[in-house]
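Chains: A, B, C, D and E, in written order; residue numbering restarts at 1 for each.
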Amino acid sequence: MPMLETKGLNKRFGGLHVTNNVDLTLQAGEVHCLIGPNGAGKSTLFRLILGEHLPSSGAILFGGEDITSLKPFQRIRRGMSVKFQVPGIFKALSVRQNLEIAMQHHYDPAVLGEEIDRLLAFLNLTADAGRLAGNLSHGQKQWLEIGMAISLKPRLLLLDEPTAGMSPEETHATGEMVKRLNAQGMTVLAVEHDMAFVRQVAQQVTVLHLGKVFAQGSIDEIVANEEVAAIYLGQTTAHETAHEAGHQQPGGAHA
Amino acid sequence: MLSTLGLRAGYGGKPVLQGLDIEVRQGEIVAVIGRNGVGKSTLMKSLIGLVPAMEGSIVYGDKPVEHLSAFRRARLGIGYVPQGRDVFPRLTVGENIAVGGMRAGRVTETDRARVLDYFPILRERWSQRAGTMSGGQQQQLAIGRVLVANPQLILLDEPSEGIQPNIVQDIARIMVQLNADTGVTIVLVEQNIDMIRAMAQRCYVMDKGRVVAELTREALADGEAMRRHLAV
Amino acid sequence: ADPIKLGVLEDQSGDFAAATIGKVHAIQLAAEEINKAGGIDGRPLELVIYDTQSDNTRYQEFMRRVLQRDKVDAVFAGFSSASREAYRPIVNQFDGLAFYNNQYEGGVCDANMIVTGAVPEQQFSTLIPWMMEKYGKKVYTLAADYNFGQISAEWVRNIVKENGGEMVGEDFIPLGVSQFSQNIQNIQKAKPDFVVTLLVGTAQASYYEQAASANVDLPMASSVNVGQGYEHKRFKPPSLKDMYVTTNYIEEIDTPKSKEFVAKFKAKFPDEPYVNQEAENSYLAVYLYKQMVERAKSTKRDDLRKEIAKGDVCMDAPEGKVCLDPKSQHMSHTIYLAKVGADHSITFPKVWEDIKPYWLGEAGCDLTKSDPSAQYTPSNPPPKN
Amino acid sequence: MDVGTLAFSALYQFGDAFAFLVLSACGLAVIFGMMGVINLAHGEFIMCGAYVTVSAAHAGVPLPLAIVLGALVAGLVGALVEILVIRHLYDRPLDTIVATWGLSLIGTQGTLILLGSTMAGVGTPFGSFTVGDYSYSLYRLVLCGMAVLVIAALYALFNWTRFGVMARATIQVPHMAAALGIDTRLVYSLTFALGAGLAGLAGGLYAPTMTLVPTMGTTFIMEAFVTVVVGGADVFLGTAPAAAVLAVVKATMTSWYGQLAGQIGLLMAVIIVIRVLPRGISGFLLRERA
Amino acid sequence: MNALSRFFRRLEGPQTLGRGPGFWIGFLVVLAGACAYPLFSDGYTVGNTVYFFTWIFMALGLSLIWGYGGALSFGQTAFFGIAGYSYGILTINFGAAYGFTFVALLFAVAIAALFAALLGYFLFFGRISGVFLGIVTLSVTLVLERFMAQTAGPEWKIGAARLNGFNGMSNMPPLTLPWPGGDIVLFPDVQLYYVVLGMLVLVYLGLRILVNSSFGNVLVAIRENPERAEMLGYDIRKYQLGTFVIGAALAGLSGVLYTSWGQYITPSSMGMTAAALPIVWVAVGGRSDLTTTLVGTITVLAVFQALTIHGSQYALVVMGVLLVLTVLLAPRGLIYALARLIARPFSSRASNGQPGDA
């Protein structure tokens, strides 16, 4: 059974048709990347999946269940979680408390403290645990937000530009983390503009353009697609990505 | 054109920049790189004046500016594109552009047309409220908003963030072109190595609030060297 | 000798200040005079004054304070009826003695209270028949929408009916409302012969200016305006033209006693904008208290009440002779009908002497026999026994 | 009574309520609606405008000029207050509740101490006119016209002028506005002064029709807040329609069931409108994310 | 011992400032002082202190709703008034025998809570937030005030209890403790003092446990970023509603205590000025902490009363100046600033993990 299915999903803002009949299927256990030009409707699609926006028409199925009219928190409780494009953290609370709020209902109180420590270490934020989340640097906020998302132990993890503002090494590490989570059985849907990251993690790529599914396939198929290159990748990137595909190495390939 | 000497700046009395020296010559494009949290954005903010300098000097042109407030520095011709865009969410795209041009009086028709040619989406969405634009669209607006006032120095804090690859290339091209045409000086903070390579003539590497290395154009071309520095 | 302490709780700031600051000054004036003349039985008067800020909770705090901490012998307290009701339980609890020196809606039958202000039967049983005779029998009432206004309106209604008149309209205005366009139109629609305005608080006084500018041009009658809020001094003529007010005192009263009082008052408080009815009530209350203490040779409440029960506690006040009614512990008054002219000058077409606060006693309140603590109204009278 | 008379009287009552709501609210719409400063001293700026207007009129200044003077002085006081107090609070708007509450106490009681508990009025100009059986105050129509004028002027100011765009930008993202060369302090001061000046204008306009006491501002403040909030975040797309809706409710209820019903009707309308449009009228007109 | 330390652990956490043995020793000292002080004081002072205490419950409730939950309720006085009137109506009708006053207290608080539940459902499930919430709650309390003000007529009565309009309702009995050999009438004096002090300690500790629990965590999360809190799977409406009801019940408790303290309740206790006061107390103390709210409320009440006593006509001006200065000089609240000042030399942890005064 697919993990997530959208059926004929439409969203309009006034005259703007932002999501246009999107049929997207996510198989359980895959890492699926969503790419496409700025304004293609990727973040909007995320918001539809999460229930922050209600679709103008269409349906969303999660694990076979129709969740189209559920409230966001009900969807989260069914096993999804999200890292937004603009980090949505609790700015006036400490980093540790941010994680505690995310994790408190998912871990036994007895081990909660250790789990938080472990996650902090993993996020490279141990030294910053007591600081206010709002005072972190941009990249650190991204990490914290990712940490909160994965700490819910979701079945489906939604990542909107998880590596924006990260250095190549960190981007790579994030990719490795996604793979590890995926290996543990988590399904991942990620929006990214960083082709190296996409190449690193994606098993399936969907290109969104003007609110429609424009192309779908493996990363190599997508990169080879002339039209995608024209609307999105640009010539050199397509070329380089294809070129570097040959000798993948940690942190090696960048858009 | 721009130099800092022993610059210390930070938040709530705690310095993030620990005595930082850089020097940028007229017409140069200089990049600043470093890992997350080393103080790159703090440097940019203290150059424009959003984070006060606690010690040290910032010289722009031949004037010390560390005591000037942000709006005065902007009026001296410094344009700043912040990390995280910071467009005015409830103003329209057009009004955002207009605010960008206020430093230089009114926006001229040619300047506006030029910027809209760089970023056609802005023309298309001229009356849309900026807060409802997509992330990448907002980033383009943030850049356009600064270019419209023809600054002499542009501070770009991770301009490629959230922008689709082909437009990243466009931006790099535009900046280089602009630099060639008008001699505008650019300080660029970036993580995107391709963009740095495409734009920068020189590069400072930062760590823990200090400049720890300076890379020439040649060194920038050397992928291995770059990687080493970014992994500090 | 030990001083006699009087607590003074009045609103020197906030909404009611305009009408109340003069009360405090009047008490200070009386106390100063008494002390100069040797005090009460040789004991000087000492005032303990708190500003209650037009805030009911302050009355509660400070009534407790004056009774329990300052241990005053009597308290002079309260402008709005709500403030009086706020402190009354506390006076009852400590079995203190409080003077309420304000005209009000009437009906307080409380052994711990002495009221020197005028009440509706004094102000309306005089005013309304006179107005009906002069202007006609169709009456419109515009009243503040709370106890004072509602109960006063009830009195007006009853008196109009008794005199064969007709109420052509009644409008109630929540406190604090300052815009009256709709009411002005309602009045014009009803075409009354005169309008009874029972408007309270500074905001509601705006009615006069607004009615005048819409050219309503009807005679008006009131128990509360002019005498209390000196609106004829605050508004530009002729907005209060043809306003008739029954009051037991205003500074324009042209008797020697009154003139002397005003002169003393203005000498001591030259900035006082007006010597109003409540100032005189407060002034006479101090002398009344002096007289009772001197006669009883005691400041104990029960001893004073024994004197009151004799029924001859009277005095010559600036308004004329006043007496304390033993049944209700309210005051008889000389009631002046004040007429406001087009130039806002005051004339007195009629004066009624010795108008008694008869209603409570007739209705069944008798403080010489029992010690109740209640407030009654015509539609909710005391239980007959 | 003929239809024309009835229609006119209904219109007059609506216009009267509308003018009061708009003029009460317009200063607050700038200070609270735009700047986010919860200004509990709004009433005191109104009072200031009224006092100055009346004092000037007593001194022989013609009334229209006196009203302008009232607005100007209130604006100046506003600028002073902004520099001394409000400027330090923009990043914590909730604290402005306490600060402006304090200012309101100072303003009210300070006036009482300095100028006494009342001030004599100046009388309403222009006289009256008659339609059918009713006579009306002409000045009330002037107030109504002023309300419309003020709204139009503000709309033009904030949407068509440089200052307007600058002010809105500054208020939305101050540090970025500064980084683009806007003197944000000046803009803040001017905007606050504008709001205070508008409050003063309301005071000056209503001064001839009202009792002048230090606490007179309180009769405006509830209406002002309610109108601004029902209007929502956008000052002009919000305040004007909000005032119109509330004026209809208030005028209708008042004429049918009296002033209490008018007041309660107004408050109930507020509750219902906000429940239906949780972000106010302009929030609904400008549906947006973010 | 273990159970005790577990109990203390639940009282502490990032949501409350006072922490560690030092704080709790201080707490016990203050509590002991509070218990002992009536022995050395006069009836007036004790009664006046009870009066201050009665308001604190409302302030603590507002701190919970606003300081912790981020929802500015401008209408706490509505619940205060409803409970006060309910207490009056119940006790006037059913008397004070057999400790009924305490039953009436519970009923009155429950009625306020029920009203809050209905209103809160309407508000939070309608997604009303921010200033909109403030204005709606203010409107509700003003409607109640206007309505009650005009109930002077004899037709406005419930059983034997006349609502009595703007003049307010009186003649209700004070709280009465059933006692062998004659009920103890709790006039504002020593007995009432201990009863209210006991309630205060219970409520304070109970709220500490609440805000430091996972519930409290979610509450501050909602304050900081409601969208994100929802995206972590929390039904924020329920948390907000729960908080609102608890805060309203506490306001109701204040209302009952106030009513029985002065045997009087009036519509103006639901008016504009009354509605703004709790906000001032809570904000001056430091709204996002229970202890600072508690201390701040007593401080403001006492200082304002003292000013009124000694300041004559300048009292209100001085109050205004003090409020402005507090906001300017102690951005996070007066008591918070003092606490930081006192705590600084003793603990290095205090500077850790606390929001900077940016």
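To be clear about the criterion, a residue touches a chain if its C-beta (ideal position, glycine included) is under 8 Å from a C-beta of that chain, and two chains touch if they have at least 3 such contacts.
Keep in mind the model is a prediction, meaning the values are calculated, not measured.
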Distance-maximising chain from chain A - centres being C-alpha averages: C
Chain at maximum distance from chain B, centres defined as averaged CA atoms: C
Between chain C and chain B, distance of the C-alpha-averaged centres to the nearest whole Å: 75
Distance between the centres, which are taken as Cα means, of chain D and chain B, whole angstrom: 42
Where chain A and chain B are represented by their mean Cα positions, the distance between them in whole Å: 27
Where chain B and chain E are represented by their mean Cα positions, the distance between them in whole Å: 51
Junction residues of chain A - those touching two or more other chains: 135
Touching two or more other chains - residues of chain C: 13, 145, 172, 174
Per-residue multi-chain contacts in chain B, two or more chains: 11, 132
Touching residues (chain side chain B, partner chain D) in the complex: 48-50, 69-71, 74-75, 79-80, 82, 86-91, 95-96, 98-100, 102-104, 106, 129, 131-132, 145-146, 149
For the chain D and chain E complex, residues of the former touching the latter: 32, 38, 40, 85, 88-89, 91-92, 94-99, 101-110, 112-113, 218, 221-222, 225-226, 229-230, 260, 263-264, 267-268, 270-271, 274-275, 278-280
Chain D-touching residues of chain C, taken from the complex the two chains share: 13-15, 17-18, 21, 145, 171-174, 176-179, 181-183, 185, 188-189, 202-203, 205-206, 209-210, 212-216, 233-237, 239, 271, 273
Of all residues in chain A, those that touch chain E in their complex: 50, 52, 71-74, 76-77, 81-82, 84, 88-94, 96-97, 100-102, 104-105, 130-132, 135, 148, 152
Residues of chain A that touch chain B when the two form their complex: 13, 36-40, 42-44, 85-86, 135-140, 143, 161, 164-171, 193, 195, 231-234, 236-237, 240, 251, 254-255
